[in-house]
Structure formats: C-alpha cells, structure tokens
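Everything on this sheet refers to the single structure shown next.
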Amino acid sequence: QTPVKIGFMGVLSGPQAALGQDMLDAFMLVVEQNGGKLGGVPVEVIRRDSQLKPEVANQIADELIEKEKVPLVTGMTFSNILMAVGKKFTNAGVVVVGSNAGPAPLAGAQCSPNLFVVSKQNDQFAEAMGKYATTKGYKRIISMTPNYQAGKDYIVGFKRQYKTPLLDEMYTPLNQLDFSAELARIVSEKPDAVYAFYPGGLGVSFVRAYQQAGLLGKIPLLTTSTTDGTTLPALKDTALGVLLSSSWGPDMPGAANQKFVSDFEGKYKRTPSEYAAYSYDAALLIDSALRKTAGSTDRAALTAALKAADFKSVRGNFKFGNNNYPIQDFYVYEVAKDAKGNANIKTVSKELSNYQDAYAKDCPLK
Amino acid sequence: MVWSLFFSQVLNGVQLGMLLFLLSAGLTLVFGIMNFINLSHGSFYMLGAYFAAATLARSGSFLLAGLVGVGGVMGVAFVLERLALRRLYAKGHLNQVLATLGLLMFFNEAVRMVWGSQPVFTSQPAWLSGSVPLLGMSYPSYRLMIIVAGVLLALGIYLLIHKTRVGMLVRASSTHPDTVAALGINARLLNTLLFAVGAGLAALAGWLVGPIVSVQSGMGDDVLILALVVIVIGGIGSIRGAFYAALLVGLVDTMGRAYMPQIMRQFLERSVADAAGPALASMLIYLFMAAILAVRPGGLFPVHR
Amino acid sequence: MGKKLQVRQLVKRFGGLLATDRLDLALDEGETHALIGPNGAGKTTVMGQLTGELMPNSGRILLDGQDITTWSTPRRALAGIARSYQITQLLEGFTVLENAMLMVQARQGHSFNAWAPVRRQAVLVEPAREALDQVGLLPRADEDVMALGHGEHRQLELAMALAMKPQLLLLDEPLAGMSQAESQQMIALLQGLKGRYTMLLVEHDMQAVFSLADRVSVLVYGHAIACGTPAEIQADEGVRQAYLGGH
Amino acid sequence: MMAWLEVAGLQAGYGGNQVLHGIQFELEEGRIVSLLGRNGMGKTTTLKCLMGLIVPKAGTLRLGQRTINGLAAHEVARLGVGWVPEGRQIFPTLTVEENLLATAADRHRAAQPYTLQRVYAFFPRLQERRQNMGNQLSGGEQQMLAIGRALMTNPRLLILDEATEGLAPLIRQEIWRVLGELRNAGMAMIVVDKDLEALMALADRHVVIEKGRVPWQGDTEALRAQRSEVERYLGV
Amino acid sequence: MLFPESLSWRSPRLWLASTLVLLLLLVPLLSQWAGSSFYLSFATRIVVFAIAVSGLNLVLGYGGLISMGHALYVGLGAYVVGISAANGLTNGWAQLAIALAFAAAVALVTGLVSLRTRGIGFIMITLAFNQMFYFLAVSLKQYGGDDGLPLNERSALAPLPALDGKLALYYLCLATLLIVMLLVWRLVHSRFGYVLRGFQANERRMLAAGYPRVRYQLSAFVLSALICTVAGVLQANLTAFVAPSYLSWRASGELILMAVLGGIGSVFGPLVGAAVLLVLEELLSGMTQHWMAILGPLILLVALVSQRGLWGAIRRWGAR
C-alpha cells in the first residue's frame, strides 16, 4: 500500500523555530506511536521549513502541490504563512489542517470547506484574558504588544471581553532589545494590571525585564502566548506569578492529556507547549479521519471525516464550528511550581465555555 | 513626578546605550581597526551567551560562566582565524561578507543542534538581583552594573588602542601589514590575537546581556545590525565615536519610545498616532543614522585613512 | 602673450599650519615653470588647489583670465588642467592601455558613441597608445597595471596626464623613482613637450629643473621667496641656503 | 672566511612571472653594498626576498650563521635588518611620533641606540610635525619618517630602497651625510639609489642588476675604472 | 585583462554560458518530462532572483558600491502590483509604469543622499533606507501589514498571454532576464561602464580626469534600482503574494550573497549565484532539517578559495 503523503510546513529555523519544532515533534510522536501509520494506513510526512518567509512558504506550497501531490497539509505555525498559502492549497484541492495559527479572515468571509484549524482563532486567548480582567474588576489596565498585526489583533480580542477603555496601549518595535522605557512609564502610572502579548524570544526578554524592574508580584501581569512551553524553560522561576490564557495546559484532567504529556516528556525530555498539544490533536484528528475513510484521500470523504472531529482531544471538550474553527473552553493559568519543583503552568479558572470565535457568523459554511 | 520619570528615562537611555556599546565594542576593533567585515560578530555574541548559560547551569557560578563564555569564544575565534579567516584579509570586503555570512548560518544552526530551538535558561546572580536606591528611585542593580561595565570597557579599549604600543601596531597593520612585519613585528599573530579579543568582547556582551534578553539561536542577527549602526554613526574605527554613538542611539531610541506616542497624540487623532508612533519609533535610529551620515558622511568622529 | 594661469594671494591652512601663504604665481602660455622648495614647503598643496582637490582659504585662481577658484575638480579637468601625482594614482584592475584610455575618454564626453564597446573605438585607443608610446610603455600596453614596477608606474602616471591632451600640465615630481636612464628619457620627452603645453613642474632633480624650466619659483613655508630664470635662481644666495645647499 | 651576508643563485618572481634569474652578491659586516640598475630590473624584488616578503623559488640567503630562506619577514627583521621600503609605506592612521614608536626596538643592545630625540635631531622637520597623521605629511617628510622609523628598530643591516626619492637637494645631502655617519658607526647597508656619485662615496661594493641577473659587480675602485661599461648597463 | 570584451571560442565560460542559456530555454520541456510543473516554478524563481541580482551587480560589481538596500526596490515593485491589484488596477503595463516611476524617484533621492558616503557608510545608509521602507510596509495595515497581501489577480500584460499560465510567466521572466543581461553586458563594455569601474578603482584619479562622480554613480544606482523593481513586479506575479519580508534587510543580504557567490562584476555571475544558492537551499533543506549547518561552511569555502565567486573561478580555470 502506498503511504498517504502528509505535508508538514512549519517554522523550523530562525528565532521562532521553537514553535515549529514543538509542533513537528508532537505530530511525529503520534505517527511513531502508531508505527508510521495514521488511521491504520501508512503515512509519509514531508516536512518543510517555511523559514517564516511567505515567499519561501509559497515555493514550498508549489512543491507540495505539484511535485509531491499531497492530499493534506498541516502545521503552518504563523498567520502570515497560513494567509500566504492557505488559499493556494485549498484552491488546488489540498486539505489544510492548521495546527496553530487561526487568522480572522479565514475564520470569517474567506473560510473554506477544505481548511480546518485545530487550535483556536487568534483573538480567543485575548478574549479569555479580557474576561478574566473583567471578572477581577480591574479598572486601569495598560497593554503592551509588539507593533505588528498579531499584536493589534490581541488588543482587539482583549477589548471584546473587557469593556473598560484601556489606560494606555503601548506598541513596541518588533526587534526591541530593551523595555525599560515602557516599564518606567508603567511604574509611574501604577495601573491595576498590565496586559501583554510577546511571543517567543521577545517573551523571555519582556518577562525578565518586568521581573527585574520589580513589577512582578506588584502589578499583575496578564499575558497571552508569552509564557508558554517554549519560553518557560528559559525563564524558569523568573516567570513565577505570570498569568496567561490558553485552551490547553499540561495539568488538564483527562487520560488523553496525561498520556500526551507523559509520552512527550518521556520522548523529548521537555514539557510540551500548547503548540505541541494542538499539533498532537491535529495528528489525532487526521488519524480519526483516515480511519473513517479507510485510507482514502477523496476530498469530500476526507473533509466530512475531519469535520466530524471524532477523536479524543487532549483538551477534552472539542468540536468544529461551522467555519471549521474549534468550539472549546478557555482557561486562565498561572506560572507556579509544580510537584517536581519546576516552574510550570497551573490552571486558575475556566473563563469561557464552549466558546466560538467572533468571525464564524461571517462564514457562509454551514 | 514628571521629572523623576524623565530622569529615569534618561538613565534607561544610558543603559541601552551601554548595552549597545558592549555589543559594538568588539566589532569596532575588528571591523574599524583591522578593516575586516565580520558579520559573524553576532554569532560570537550568541556563542558567548550560550557558553555562559551552559556553564551557569552546571556550576551555578556567574563569574565562572563569564570566564568560560569569553574564553571559549576566544578559543573558537582563534582557531577560526588561523584556519580560515586570515586568508580573507587580502581578499576584500565582499569575500569577507560572504565568508562570515556562511559562518553566521553555521553557528545559528550548530547552536540549535546542540541546545535545541527553545531559548535557554540564564539568570543574573543573586548578588546583583536587587535594586539600588538612586536619586529617589530604585534602579535594578544588574542594569546599573551594565552601565558600569560599558564605561569601564570603553575606557579600557580606548587606552589599549590609543595609548599602547599594541594599539599602534594594530592600527598600523590594518593598512600596511607587510611593512609592519618587515619592521620586526609578527603582524599575523597580532591580527589573530586582535580578532580573538574582538570575539571575546562580543562574548562578554553575550554573557552580560544574556540574563536580560532571550538566549536563543539567531539572537545575534539583529544585534549585529544595531552594532553596525552604532559604529557607523560613531565613525568606523573610532572607539570614542562608538561610545558616544551608542549613548546617543540609546538615548534617542529610549526617548523616542517614551515620549513620541504622547507627543504625537497631541497633534494627531489617537488611532492615527497609535499606528504611526511605533512605526516611527522603529525607524527612528535608522532615520537618525541617515541624517547623521547625510550631514557627516564619515560619522561623528571620522578616522582618516 | 596671454597669461595661461594666474594665482593671486592664495592661502591654505591645515589647522595651525600655513601650507600656502599669500602665494602669487603667473604662467605664460606655453611656459614651463618650475616650482621648487624644501620638503613640506607646500608644492603639492598648491597643485591640489589648482586641480580643485583642495579648496583654498582665500585667494583666487584664474585660468585664461577666467576665475576658476570655486570650480569642481572634474570641471577644471575638462577645462584643460591635467595633473600627475607624486604618489601614484592608478586604476587597479585595468590594463595599462585602459588606464590611458579612460583619461582620453573624459575629454570626449559621454554622449559620443555611448553604447559601443570601448575597446573598438579607435578615437579612444589611438590617442591612448600614442601617450603610452611617448613614455615608452607601449610594449606593456595590454598588461594588468599592477604587474608593473614602481618606475613604470611613474611613467604611466605621466602618460595618463598626457593622454588628457591638457592645456595646463601639472607635474608633481615626474622623475621621482626613475632610474638615471629613464630620467634622461623623461627629460628628453619633456623637452619635446616644451612649448606645446603650459607646464608647472615640481621636481627635486635640479639638473632637470634647470635644463627644462623657463622660469623657476622657490617656495619656502608656503610663500614664494624668489622667482626668476634658472640662472638667477642658481645665483640667489637665499635660495642656496634654504634649498639648494652646496651645489 | 665566509661573508656575513650571502645571496647566491636567487630566483624569484610574481605568480607565474619570473623576475630574478640568479642574483648573487656578498656583504661583510659593517660594509655597504649598492644595487644599481634601471627601472623594473628586479632590485626591489631582490630586497623583498631578503626581507622575507617574497618566498624565493631557488637560491641561498644567509645572514651570519642563519639561513634565512623561508623565514617570515618579522623573523628576518628581528635578526637586525632594518627596512626603508620603496614608496615610503608610512602608517597613515598613526601620528608621526607613533609611526616612529610603534615598531621601535633595541634587540641587539646597540651601543648608542636610536631614540626619538636622535631621530628628531636628524630630521627637525619631523619634530615640527610630530602630532600630524602619517598621511598628512608631504612626500619628502614621509621619506624622512620612513628612514627614522627603520633607525628606531636599531638594525645591524639597513636596507634602503630609493630612500632619497623625492627629497630636496639639501635634505638629500643631509641623508648621505647621515648614512656616512652610520657607516662610520659600523652599520651594514644595502642601498638602492640612482645617484651614482653619492653611492660611490658611500658604498664599498656595487652590484649591477639587469633583467634579474648580475652582469657586473665590483668595488668602488673597479667601478671608477669601468665606469663607462657600468653606465651602459644603467642606460646612461 | 579582467574584462575581455569578446570571448574566445575555446573559453569554457562561453560553453558554460551557452549551455546555461540553452538549459533555461528548455526548462519547461524538462519540467514536463519530469512530470511536475514544480520545476518550472522553481526555475521561474531562480530567473526572477537572477534579474534582481543582475541589477544589484551593476552597482555592486561594477560600481564597487555595496548596497544593502536593493531589496527595497524588489519590494517596491511587488507592493505596487499588490496594492494596485487590491484597488482594482490590474493592467500590468500601468503597474510597471507606476512602479518604475516610483522606484526612480525613491532611488534618485536615496541615492543622492547615500552617495555622499563611502564604503561601509554607504552599506549602512542604504540599509537604513531599506529598513525605513520595511517598517513602512509593516505599518500598511490596510494592505496586510506584517501578514502580507495576497494578490487576487495577476497583472494583465496584454497582448502577452495571461500570467496565470506558468509557461507564459516563465518565458516572460526569462526574456526579461536575457534582456537585462544583454543590457548589462553592453553597458559595462561601454564608455559608461568603464567610468563606473574607474571610480571603483580610484576615485581621485577619475575626478582629476574630469568625470563627475555623482552623475555617473547615481545613474548606475537608479538603473540598477529599476532592474530590481522589474524583478519585484515579476516576483509579485510569481508568488501571487507580497509581504514586508520581501524588503527586509535579510532579503538585501541574500541578494548580495547571490551576487558574490556567483561572482561580482560578471554578466553571468548573478544567474549562477542565484541558481546555485536556491538549488542548494532546495536540495539541502530536503535532505536535512539542519541544512544551514551544511550550506554555511560551503559558502565559507567558496569565499576562501575563489577570488571572484564561482563564475570567477571558472574564468580563472579557463584562463589557464
């Protein structure tokens, strides 16, 4: 039986490679545990490094479509990459199972029956954090994000659930080394809380600067995608007390999650991140779909099987909405010491249940 | 109140300036004085940070980490120069760009192969993690230490280059290596050592800056550009220039980020100001550099060749 | 006969150093004028100001009666001022012939035959070869310029100035670095050029200076202390003390 | 007795282009030899071989007991060879004083080592310009500086390649006088210059180089006697 | 003779060059034969890069001006296509005209400022302008900002066939490349080219010979920027996407890398550089995830052994 080809495109080099690596490792974990098969059929995973460059991703997309003729791709790590190649794939009849980025346009008017996003819609973490801030009754909040599209989206998301006007919105250049100018202003403004979004290495610098300025513990730091599985190993105790929102945490109950966490830690000697979790789910989802179609990659059958989402998500509560983005629960976590004395994330509260993104209503799909 | 904020922003600017100086000091030596374009400077910075982080994780000693970081990188640089890079001195800038770009790629990947893609853990030593009271505010001692280190380093290099025989010889062999050799000096060894020292300074920066940024593969790439901006504004080959330029860039950048958004909101609608402010802040140091070079093509302290 | 070049009250300072001090100089059409003086007297500095590479602090420079003090170097070159350098300035990476050809080309302007391959343009090649022939470098025309020795570089330096077909030729120590044989050839060559060009010659070889020059100016600390025929200068006690020594 | 410096069968060139086809001459300690010849005949190339700046293809180079073929330039220099290169090669980014000090040394414990003061005494003009950058000097000043710089290494053998190029007559006389003094103080020299008269007054031996070979050599007596023959080689 | 104007028939470079061109002409056939149109788009990509590098080579290789800002013009060309398409203008000729006019204006102004500096100053000031436009592109929120802007429709270059066809696009790019190479070849052997190279060799002498520096160098700078702009227009049509990363400093660095790898100051160098780098990237990244650890040392090796890149090495080998 010729194996089913699955394209995996992720950022595997450059500063953001940690995300892509976690996604790839988790995906391969499932494949290897099943003896090189998904859904009972052998699969060949063709991994490609998008280098976080849209033009390179484009080139890879050409290759996967024309040369490798894959029926299905997954990964895609960042929104700009998914935006650059999503349409290309779906137009060519390739099914996309995005496992991290969830850009708004593809959730709304530009949604496609061939495109699934297993992770979340980008705004939703911010919405969960906004909800938390509202619940806590914070009145004066300053936001800090890098000055690019995702940074602005995360503010929009936050405001969707937090209606009080922000005290100030600070945008910092993307390649900034140092945050003391902004932190000095925060010190002088004395807000109730700070809301921040700094993914990857930026998060490490930012949390350190926040901690070294003596603010951590004094002014609550609410974050999204800043302290996660990829940055915590670098931050360790420095990040104790940081709050973050996500739809997955390593301490979530459920056998599926416990198996995932222990298998991942066993194989790769590190704690999985949410990126790993989503990619793991993507592998499980594809596994369930291929099992349903008995290995057939006929597009109609495959998309129907994917949409059914007949698998045990590590997140427990999971189903696809009309736009093929998930409907799930969102939580707030805190960085704290776990049983082994390592800094890890611990669930604080569930903020949103069965929550669907705000763009689904613009999607014509049923 | 307003003034104390202003003052702390000035201090922040100085601190960023010293950070930049630490990053560019080694580059000025190698590039400005040896006239060798070393794009792998950022890699030495990264390697320094990694070596230090790895040592810290094993031994827990911040000072030992610095020793291993700087020493290790100097060793790497020494071997590299001996085996390969010295052949490039006579080959012109473009070949140097090509070669060191290749090295940069290699080191970024090698580091990833050894330590993985995730940022690695480092921390400041306990004895520097507090704050010190300073003119009515409290300022993190580690960052104060960076300011002090920058100033000391500037002084040290300045004296080395301008007040010692070694410095004279280094400057002389940047233009006439053969003549220096014919006058009895082992110019090759001198270059090797200087290259290693330049790399060591980069590693020093990596060790000191590691605990406040994220130690990860590729961390040196953007830093390299910043360092280049600094030494070009200062005037290539001028330690004094690099020092003042680093301070200026640090202050301009910090002040721009601290006050530009508010100032722009005075004139513009908030949404426009919020969009334009940070974009302008990102461009600020480049605008600054372009403006300086347009007026003074040789930088602030041009060195005549 | 009109004055080809006039220099009036020229002053140039380098920091505290007065390199050119209220200098007056006048060259007749076709005259060969030698500028001599101790090392560091400011001869090269004067040349730099004549070509526009250095800007004087005050004073004027007139070419054919026209004030060129503020003109750029290229503009002066096109007006007919050519210079040979004391420290050779050659075009590395080109052949000997190409070095000369580029000097020819400037005067022809770039509108002329702009697209055609340069090496097939006889209007460039011929004058360049002629200039090389004059200094005796023609046999080496197609060699890379860096393959030549020091003395040959000095010869090429002159050929390049000649290739510009100038009206005013500024020669900064053309004999420096030449062996006796080449010096004599060069002196003979310059003899042949005499009268055809107006020449300002800086040279420390007194034998050459006195045999070539129509008039000689002596520069000391940037100021002209004497000006006259070779015989007058040789007899001048001040000049002897400051420059010539016991010859 | 073996001569102090021996050059024999020296062959060398640049890339594929051979310039020297067997140069030979000898020099006793404290003596002076001049190399004569037209432009491009290989004088400088010979000196560069000696100095270790070019690796010869064949031949012997010996100084005292040491064979110096294949030694690096700085090793040759440390044996006590001083170098005044053709074209001056002043360090442009150093001041005059730094140019003198950078490579200064007294490796062989000279009886009367050269110091800044002594060099300035020879060339007062340099003292006036001591804080100027090397590239701000006039051509002649640079030449003085190159000689001073070599003296500051306190050599036993001084190599002067066209050391009077571009110098005013007065200074040139001065240089010849200085060189005479150095000879009296026992310094060996190899001199390349075009002033035959001055060389005859200074040097003990004369070596004519033509197209990389030595068609004539002899002492000053012989040169006087055979002057017209030698001048033919020099193309005068 | 570093720049022989006519090639001898025995020169291996001539054979290599003609083989290369022939190969390029036959790519569609080969691609079909290999059973995948992928090779065709890959070759298109090489060709587009080769155009940009040829443009850069004009100032870099012949003018000796190391510009770290030429991605700016590639990006500019691409963005003009992207933005005008987003606003409903899909006439390719109009897009080209706008792009060229805009690029000429930008190059004229930035070139004039940049040419005040020399050497590394020039590298950095061109980099600075590059960065300014990069941040400008990032802040173009309505045109995708940081995420980039997908092209809804490719340029319509009537009477040429629609560029949606891969074959049409490929041959258009190839024809452009050949024209550019011819242009560069003629130019560098012309009077203008000699002057340009003369300034690289010795500026002081050239000024004293009567050549106004800025006029020559600025013309070359603008011309090279325009060539890069054309490459950008094609690039946008190739990827059907534009993003700020097209004009990041890394993109500029990559252009330099290709130019130097191939061999600066030669007409074929850019093509060789672009092809070798892209093919190596493609091959190595398919082989291992750590391909940069192999590519880096390879590049170092080329820099160490060659004087003027790969093409230069062939030239020297041929000269023996």
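Chains here go by letter, A, B, C, D and E, matching the order in which they are written, and residues are numbered from 1 within each.
Please note the rule applied: a contact is a pair of C-beta atoms (placed from the backbone, for glycine too) under 8 Å apart; a residue touches a chain by one contact, two chains touch by 3 or more.
The structure displayed is predicted, hence computed values, not measured ones.
Peer 1: Which chains does subunit A share as contact partners with subunit E?
Peer 2: Per touch definition, common to subunit A and subunit E: B.
Peer 1: In terms of touching chains, how many steps apart are subunit A and subunit D, taking the shortest path?
Peer 2: Contact-graph shortest path, subunit A to subunit D, evaluates to 2.
Peer 1: Looking at CA centres, what chain is most distant from subunit C?
Peer 2: With centres defined by C-alpha atoms, farthest from subunit C sits A.
Peer 1: For subunit B and subunit D, what's the span in angstrom between their mean Cα positions?
Peer 2: For subunit B versus subunit D, the centre distance works out to 44 Å.
Peer 1: Please work out the Cα centroid separation of subunit C and subunit D, and write it as a whole number of Å.
Peer 2: From the centre of subunit C to the centre of subunit D is 29 Å.
Peer 1: Would you kindly tell me how far, in whole Å, the mean C-alpha position of subunit E lies from that of subunit D?
Peer 2: Centre separation, subunit D to subunit E: 51 Å.
Peer 1: Counting only residues that touch at least 2 other chains, which ones in subunit E make the list?
Peer 2: Residues 135, 138-139, 141, 292 of subunit E touch two or more partner chains.
Peer 1: Give me the residue numbers in subunit D that touch at least two other chains, ranges are fine.
Peer 2: 136
Peer 1: Residues of subunit A touching 2+ other chains?
Peer 2: Residues 12-13, 147, 173-174.
Peer 1: Would you please name all pairs of chains that touch?
Peer 2: Once each pair is checked, the touching ones are A-B, A-E, B-D, B-E, C-D, C-E.
Peer 1: If we count contacts the way the header does, which residues on subunit E are in touch with subunit B in the complex?
Peer 2: 60, 66, 113, 116-121, 124-125, 127-129, 131-132, 135-136, 138-139, 141, 249, 253, 256-257, 260-261, 264, 290-293, 295-304, 306-307
Peer 1: Write out the stretch or stretches of subunit D touching subunit B in their complex.
Peer 2: On the subunit D side, the touching residues are 51-53, 72-74, 76-78, 82-83, 85, 89, 91-94, 98-99, 101-103, 105, 107, 133, 135-136, 149-150, 153.
Peer 1: Please give the residue numbers of subunit A that touch subunit E in the complex, ascending.
Peer 2: It comes out as residues 12-13, 47-49, 52-55, 58-59, 62-63, 65-67, 79-80, 83-84, 87-88, 103, 147-150, 152, 173-174.
Peer 1: Write out the stretch or stretches of subunit B touching subunit D in their complex.
Peer 2: Where subunit B meets subunit D, its residues are 165, 168-169, 171-172, 174-176, 178-188, 237, 303-305.
Peer 1: Hey, which residues of subunit E end up touching subunit A in the complex?
Peer 2: On the subunit E side, the touching residues are 36-39, 41-42, 45, 135, 138-139, 141, 144-148, 150, 235, 239-241, 243, 245-246, 285, 289, 292.
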